[in-house]
Amino acid sequence: MKIETTKIELSTKPDEIYNITDNIDRFISKIDAVEGTVLIFAVGSTCGITTIEFEPGLRRDFPEMLNKIAPRGHYHHDATWGDGNGHSHLRSSLIGTSLTIPVIDGKLATGTWQQVVFCEFDVRPRQRKIVLQFSGK
Amino acid sequence: MKIETTKIELSTKPDEIYNITDNIDRFISKIDAVEGTVLIFAVGSTCGITTIEFEPGLRRDFPEMLNKIAPRGHYHHDATWGDGNGHSHLRSSLIGTSLTIPVIDGKLATGTWQQVVFCEFDVRPRQRKIVLQFSGK
Amino acid sequence: MKIETTKIELSTKPDEIYNITDNIDRFISKIDAVEGTVLIFAVGSTCGITTIEFEPGLRRDFPEMLNKIAPRGHYHHDATWGDGNGHSHLRSSLIGTSLTIPVIDGKLATGTWQQVVFCEFDVRPRQRKIVLQFSGK
């Protein structure tokens, strides 16, 4: 049993979705992981991690759905900071910032059309850190 | 410390929810798990894993709520594939396909009314795979 | 490699959000955790666990967003139990009851403004249990 931890850095743009599946594949391969779990954790309160079929249509559909649930606009959060990103925080709490995926026979157990994505919900470009942590053998 | 991995197969129908708690209980029992975590991971981009009180009312309420958030209809995704399941993908990204539960004294730490369910969000019957992976002792 | 498990107990009020980050920090410190994962799991089907910037504005914004998605009202669930908390169950299935966070150099890898919260979605005060489980070294 071993634990291996690394970090990905991303320069992001507002409302953009980033496919980080290859980063995870390379990490698993580099540490010779065979069987266990890989945890993907986004550091921050205005971003998210989930799985999606990473294609141009859904890259537009997903923010559009979130814009119905938590539209840009005025929130109580603005009274605290005035930074106009209340909706970004709400989307983060809704989608979540943590994802765990099994590794089997040295590979992610995800499906063919199931990519791992980092979602930038904030209103300005950010420099982001994502933790990857493998536990297993 | 040990890692044990298995797969469940399910033949599903659109918009149906499946209680897989017994499958997980049997897996834990079979491998003599005492303390650790069990990861439940659905392979696919049009399905989900969550917990719910598995009773007839909520089995209707849950899809009805999702139908308000991501209704069947036209999405940009259709321009890519034309398979009419844009809403299925969005629901999957929203609910998630991964769930981790503690095992304590050889049992799932879930509550009495807290069942683990696989959610079929796709528009046609599917043959599904769900990975169960225990890490612990 | 070691596994350590404990439970937090909370006396909650309806629609309230509780910052449990300090509880997790103290647990990690007490067991001398250095590197691994901490799983936070809420026992129950009418509550949730997520991350949020814990400040007064978002503590109001978050329930208000959920009230748009799954408002208080009549649900099929009421036909089963009549306890008027159909929306509480739906919010729990949507937000989720499980969260895994990496521990690096003896500390949670969360961001400065990213607190871990327990969300009470039920309609009456409850006595809650939250499992904390560390796996690692």
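A, B and C label the chains in the order they appear, each numbered from 1.
Simple rule for what comes next: a contact is a pair of C-beta atoms (placed from the backbone, for glycine too) under 8 Å apart; a residue touches a chain by one contact, two chains touch by 3 or more.
Remember, predicted model here, so these are calculated numbers, not experimental data.
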Expressed as a multiple of 5 degrees between 0 and 180, the CA superposition of chain A onto chain C rotates by 120
Given over half shared residue numbers means same and under half means different, the chain B/chain C interface is different
Dist(centroid_CA(chain B), centroid_CA(chain C)) in Å evaluates to 19
Residue numbers in chain A touching two or more further chains are 1, 69, 94, 96, 100, 135
The chain B residues in contact with chain C across the complex are 1, 35-37, 50-53, 55-58, 60-62, 64-65, 68-69, 94-96, 99-102, 104, 109-111, 113-115, 135-137
As the complex stands, chain A meets chain C at residues 1, 3, 5, 39, 41, 43-45, 69-70, 75-81, 86, 89-90, 92-94, 96-98, 100, 131, 133, 135
